């Protein structure tokens, strides 16, 4: 079913504002306005994404009657004020992590949104990464038995894309509130139990010039859950080699190694019990895919991984006149001709020219 | 921009018909009807995907005025007849690989579609796999210099999901026309040059009982391109360990290893020149991601890999009242509380209870 | 230089006694005697490894004048007594990890050996794994800059090969003293600094029936070093999927991922500075191997990895009349013939029969 | 058993002469003399490896009565002459690949060695790589069923370590005779059947300036075996990203991916039947290592991979007075102290200082 039109306004035109805009585009959702600190930034983002209106006054965006809902991607210290304005304006909002600089600000946002009955989504992208969504499904299916131990890391070489990240006054902390905020949420989600005790070490190990007002660049923690499970968390802004975000899941009956960066979404899974049944197996007289007991390497989401979702979308866009076929009947014909030449070659024992 | 509504009809309710239906759902595109050989199969697929109408007469679907376009996912020997009916009915169509059983059938389809000016897409899903789309972009950017050599494989343990796959009379061949048809298309696409010579070996190495009318279960080929480049292609229905689809790209300035199965979409890339600039780098005072010269492991599509596209889509679905937030403000608050406990632990040198 | 003959006696014929015997064989070192609790076990091991003498009295082995030195591979609770007997007998000894059940026993062994000037080696096999030896060399070369953070894990599904492992009275603890003892040694070695603070969580998460007298099956720790560096350690006997032993090294200038189990010795390394120069580069006009700046995947020890060491040893064994060539001149001739056929095929554009 | 002393002489002091010298050292085998084209090169290699004698006249080395056997590591065009001199002198020899420049030379060497009954080993290092030796054992055990299909590659960026490699007059060809010579031998060895037909494409794709007298820099071939099996072979001197040597084995019952470069000796194996039994399993009440059915990641040789062989060798060297313990009793004591602190921390819920 085609769904009703909704127009979103994005506040913030940094790395995350643009990533969100690209996401809306992928699903044909209208971005109606950009707000940024300067008209130049707002206009430049609007031009890049074909957005018709922009402003340097975020309140204008929040209050604009053509904007149905608001996407907040600004620095941490502005979260509280903008979220409260959305609530006051009765506008649904998506709010970037962390919710705020501290639990005091956070509690007020939660309370006000609840009182006014505002639809709000906390922008924890870990909850939407295909590889983690699949992992959570496997945990819930029992593929790993009871979860005993988790290991999580979010490490890179520092948030040089904006100076405010390094200042604990503006953010509420350092690498832990910036990166570890993903990990603690993910760990409780995957474990299905609340953290009951934490021990952490923090320090400025590399970027002493950049880190301000008490921000740390590295943190390591051991966590204990209410269900008795354990986890460790490694967080750093001091690491070379590119962003490295992984989760390791250890249960009584299985193990999962999940990377969402270096190995590009890969899952490497061991299950004593096995799990799931791909469409191919359901449709099959006899399994032609590997058994899911033991080690296996499933795609996070087959219909995307294998391209079919994008293929059918492309077809519809062609039907709508919005695109020209990028894979044509002539392509199909050509492929047939090459295969026929292969068959002829194999039959005759000679190379065949095309 | 919200795009105009289009209703598609799917002919075929096997593995591929269902994979396509899942793809349409992901993008909120209406499937108006299913056609299958039996009313039972058609009705069962319709129920699974919430489709309101179904039939056991594919021609009825093609001619139905509420069906704007047709998705053909039936066995090879039916491609010709249905494609020609779509052309006659003036309906745009998406047609599964291979285009037909042979070039004679294929040529007629191409000619008739062109004469009638019908929009048609050849369903080569390799063209839409995010990992291969990214690879092609990198090739076009020059990340690998001139492409010299390619290696491709599409191997699994046999198409046991339907008996017609094994019969060359119905399909036009065996593993090569079934699986190799992907490879030859992909190789010409990535090389940017036509194949000018092929040498192939084919054989029935494992499934002599299943293979009928000359179908082979394994084929290997060496291919030479017009630009002088070389490739090899390994195709088999006789392989244990799960579906394994990879492409290796070797150029004068770099190398890419691409898997779209075992390593779940991963790219492993070497480039003497480097390539691209992620949003994070564009927004950065100082690169905090790894340089793309040398070895790197890029995501096929960051905005999906990292979940942001699905996150913003979820937000809009909540706004539309079609979903409840799966990541709440309370989640954000909880994460803040854990981080604060970590900071307290690190400051005091004790474990902190939550 | 051929070195002087030394005869070693092995006490213990379990998993580790046999692994050591295989190691002595590889280097043509004479094992003169086995001792075990029963004559049957001792005799069986002796037969397996071609050892001429055996005993069920370990003291007899220690005191035997033909035994030059002693290899102690018995359960933890026997370490102290046997080590002291070796010291008293003036025999050099190799002693399995952990040194003893506790630091009291351990300190006496250290003191007594020092007083008598006995050569003794602590059998920490991590110090001898080619992948870790190479990693330590790279650390010392500065390939990673200053080491900031380490992550270590030694996990498997429990020591079911002998019941004594599970009893803290006999071993001094559980998974931590069994497996973590490797990790803490390795961490200080690689960091080049002493641990100054530890925080640990321990628990019986899976094997409550097996764990006796306070033994834990899982432990996680955060460690802080005197130089300010941090580490985490994950230890478990409760994990499915096979033994998994990895070390991750993060420095100001680079990163190493080292697995000595699942990926069979592999190193995956990122270095801003680069490192080393293989023989091929030293001998080269122009580098034909990948630069060591950025990501690289070096062999732990090329001369073994690539087989040359074993090849030349085989040659000498053939010269000594102890082996027949397993790679013959006829093999070399055959290979030439195939290559010549390839050249002929390429020149003529036809397949060539051999 | 300590084996009788044998003194080897090495002809050639390039990359391979030195790699062999390092191998002899590892096993305490005496290298008595180096021969090279110049006294300077010979003397320099002798100094590097502690060899007492050297010469610029290889015949002198061959005829020297203190040299028991000869290791031939010179350019291809000298193989024939030196091998014949060894045969005439009655000296066992190890000869680098390829055996000679062509089958005519090769046949004479084979015939002459056989007539004189000379012990000779063809230096095909693939036969001695631990990862391939293990793979061959698994093939012979039936872990993969019947072998159907193989894929092999030996690729790097060109032999810039010596100019003679590029001249077909001196070598007999190009990349195929240099690198492919490994592959064809390995393929027949692993398949356990002779190649009966080859089709190849060759070309100069990158290094047209370097390639002389008909040498190619790239070759691809499809091969058919007498048992019906197939293989492909990719050979190149034109590839960026470092040396990449892999073998893929596909059988009716399993699959192996073997890399001996990028993944440092790793095996990734799928077996429907399972294989082998490590010492740990034999000694075990209950398997605590992963089942070998399905996917597994075995070490090529556990006793080396895990360091035990090198550990015991080190112990004996300490006993012989040739080394100082690199892992001491104090190290063992220290590790115990850290573990005890971990136990104390876990018991008390506080961090513990050491």
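When the chains are written out, they are named A, B, C and D in that same order, and each has its own residue count from 1.
In the analysis below, contacts are C-beta pairs under 8 Å (C-beta built on N, C-alpha and C of every residue); 3 or more make two chains touch, one makes a residue touch a chain.
Predicted, not measured: the structure shown is a model, and the values here were computed from it.
Undergrad: Test of understanding: which option in B-D, A-C or A-B shares over half of the contact pairs of C-D, residue numbers taken as the match?
TA: More than half of its contact pairs match C-D, so it is A-B.
Undergrad: What is the chain whose Cα centre is as far as it gets from that of chain A?
TA: Centre of mass proxy via C-alpha means gives D as farthest from chain A.
Undergrad: Taking each chain's centre as the mean of its CA atoms, how far is chain B from chain D in angstrom?
TA: 40
Undergrad: As a quick test, compute the distance in whole Å between the mean CA positions of chain A and chain D.
TA: Their C-alpha centroids are separated by 44 Å.
Undergrad: Counting in whole Å, what is the centre-to-centre distance of chain A and chain B, each centre being its mean C-alpha position?
TA: About 21 Å, centre to centre.
Undergrad: Would you mind listing the residues of chain C that make contact with two or more other chains?
TA: Within chain C, the residues that touch at least two other chains are 197, 199-201, 221, 240-242, 270, 290, 295-297, 349-351.
Undergrad: Spell out the part of chain D that touches chain B in their complex, as residue ranges.
TA: Residues of chain D touching chain B: 144, 148-149, 151, 153, 155, 197, 199-201, 203, 205-206, 218, 220-222, 224, 228-232, 234, 236, 238-242, 244, 250-255, 270-272, 295, 349-351.
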